[in-house]
Amino acid sequence: MEAFLDTFFNIDIMLQALPLLLKGAVVTLKLCAVVIVLGLCGGLMLALGALSPRRWLRWSSIVYIDLFRAVPPLVLLVFVYSGLPFAGIRLSPFVAVVIAFFLNNSAYFAEVFRAGITSVPKGQSEAARATGLSPVQCMGYIVLPQAVRNVLPDLLSNTVEVVKLTSLASVVSLSELLYSANMARSVTYNSSPLVMAAILYLAVLWPLVRVISRYQRGLAVN
Amino acid sequence: MTASRTMLEIHALEKRFDQTEVLKNIDLKVGEGELVFVIGPSGSGKSTMLRCCNRLEEPTSGAIMIDRERITDIPRRDLDRMRLKVGMVFQGFHLYPHMSVLKNVMLAQVKALGRSKPEAQARALDMLDQVGLKHKADAKPAELSGGQQQRVAIARALALDPKVMLFDEPTSALDPELVGSVLKVMKELREKGMTMLVVSHEMAFAREAADRVVFMDGGYVIEQGPPDELFGNPKSDRLKAFLSRVSGNEAA
Amino acid sequence: MRFFETFFNLSVIEKYLPDLIAAMGVTLYLAVATILTGVLCGAALACLRAAGNRYVNFIIIMFADMMRALPPLVLILILFFGMPSLGINLSGEMVIYLVLSCVLMAFAEEIFWGGLTSVTAGQWEAGRATGLSKAQTLFYIAFPQAFRMGIPPLVNRVLATTKLTALGSVIGVKEILSVSSSAQSFSGSATPLTMAALAYMIIFIPAVIASHQIERRFRYTR
């Protein structure tokens, strides 16, 4: 028991590592903000593309979505970070991470938006068009608000996945939360900083996970 | 009431949900082969009484006897055995959507009664034949009309050879044109001598097929007797009011 | 042409293809082991939760929440670097298998539990009224329906979790990504990374397409 506590919950080491970890957490938050906003926008565009009546646009969107859902995000990241320099494109870790995760996330968010948009009955857009709204107005005022409400739990759980995903940035030495914790671990020869990082992730993500569970239960009852 | 032996007896039954008293001192006897109809306004406690008879609802106090066995004393873990003796048909059918009609009727025979599969299947087909749905044995419940689903639910209960059948508003969820097929099956059952306790709003059917009608209101049994007497010469004001309300609805 | 030389160098492909195929084997068997353990144990946990013991359920919910909220890479690093301090040496493959199985187990439990709660009370009553025991009603009536309802989200979650096998590269498991990144540094060519991406596509694109089919099939049938 003592060995266990000393290995995973060494308070002294945790406190020592905390400033470094908090600095990492700030980087993680920045990364999340950029990646989530880009992913949502890109996902929406792709979803609209995948539902477009124009065949080339529809197919290229679908191929993009399936392709980037099939490749593990870490593979994309390594490819962008270590592969592109061979083509003369050298990117900072932050930019490489943003690009790689954008490719991955936008595909996932696109699936969610697409499911949401198709869940809105056709009568809704027909009614909107019949009252003289343009296609864009119809999508913006009538279809999208309902679509988003229908898939809100999925959007939320996808967002949780994105936050978890940012921990992969540690692999390309971006000094976010997990990277900082792993640094502290290798310096102190003790795993407590990793546990500390886990606690910080939990502090943000646990409430969200609870909300998602509640939400899904609520839907199931209706 | 004929001098046949009593198959279902409810004695001093009470049921409370938290503070609200739903059933107050209910006494009721159903003889073997008798069809007893329970009528009353919604919220009068009739469904709750029915559900106490196989302990889907636990009585607060009182006793219920089925075929002279006090089912209110049976420990919880032995309830399954008791429930085999009491068939129940629900308002909402509750067929298992993931199984074929035949499997719906076979499941409890095999798993709860311990019949062999061939035996259960033969029995299931027999019962489906009785309710006129043998040709639907391989269909999924979703492919059937409401009336057909309810007849399958009756076959599912009958296949276990129950001593008593409980019907909880069996036709309330059906379109009017489908009600007849279910009532026909119930009438045939009565002719075969099944003991039945039915909660329903089908007054015309009660008049025609019931041996006895029980009127409940506010958790009490207010009045009971043969249908002609109860409908033709109601004694209590509450029953009079209820009957005029119902006939008013039927006229409209 | 230089682009082609960099990312599709034939001699490099020829040299590393056997290694990569072996690595695909490792990825596949890790994936299969994870799926089997995760889905089966997740189903068992959901059924256990249906039994309704307050203390057991508390533990199940805590476990499921943690595994869903924590980034898997954090768990992997904690197990891989922390356990040896307690005298427990786990191979990289074992760590990946344990962590991914637990993650999938948690999500599968939530999915099946969501299904179980949306099986109507009437179904339970019908089972109990025909003399089936609570356990029999659960196994023959409630769970099969919960399973059907859970298939579309479960398929997506299975794909997402199996793709995480790429995290093995961080702790030296010889799966697709780690084999190709070391090949990349030995050969000084980006080609192995292209091969890795292709290898994942070979495995996962059919799976993604199949998941669309499954989703369509199970969406409207109850």
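First chain written, first letter: the chains are A, B and C, and each begins at residue 1.
As a convention for this text, a residue touches a chain if its C-beta (ideal position, glycine included) is under 8 Å from a C-beta of that chain, and two chains touch if they have at least 3 such contacts.
Since we're looking at a predicted model, the values are computed, not measured.
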item: Most distant chain from subunit B by Cα centroid; value: A
item: By mean Cα position, the chain sitting nearest the middle; value: C
item: Chain pair whose interface holds the most contacting C-beta pairs; value: A-C
item: Separation of mean Cα positions, subunit B and subunit A [Å, integer]; value: 54
item: Mean-CA-position distance for subunit C and subunit A (Å); value: 18
item: Distance between chain centroids, defined by C-alpha means - subunit B, subunit C (Å); value: 48
item: Touching two or more other chains - residue numbers and ranges from subunit A; value: none
item: Subunit B - residues contacting subunit C, complex; value: 54, 56, 79-81, 83-84, 86-88, 90, 92, 94-98, 107-108, 111-113, 142, 153, 156-157, 160
item: Touching residues on subunit C, where the partner in the complex is subunit A; value: 3, 6-7, 65-66, 68-75, 77-78, 81-82, 85-86, 110, 114-115, 117-118, 159-160, 163-167, 169-170, 176-177, 181, 184, 189-190, 193-194, 196-197, 200-201, 204-205, 207-209
item: Interfacial residue positions of subunit C with respect to subunit B in the complex; value: 120, 122-123, 125-133, 136, 140-141, 144-145, 148, 221-222
item: Partner subunit C, residues of subunit A touching it in the complex; value: 3-4, 6-8, 66-67, 69-76, 78-79, 82-84, 86-87, 160-161, 163-168, 170-171, 178, 181-182, 185, 190-191, 194-195, 197-198, 201-202, 205-206, 208-210, 213, 216-217, 220-221
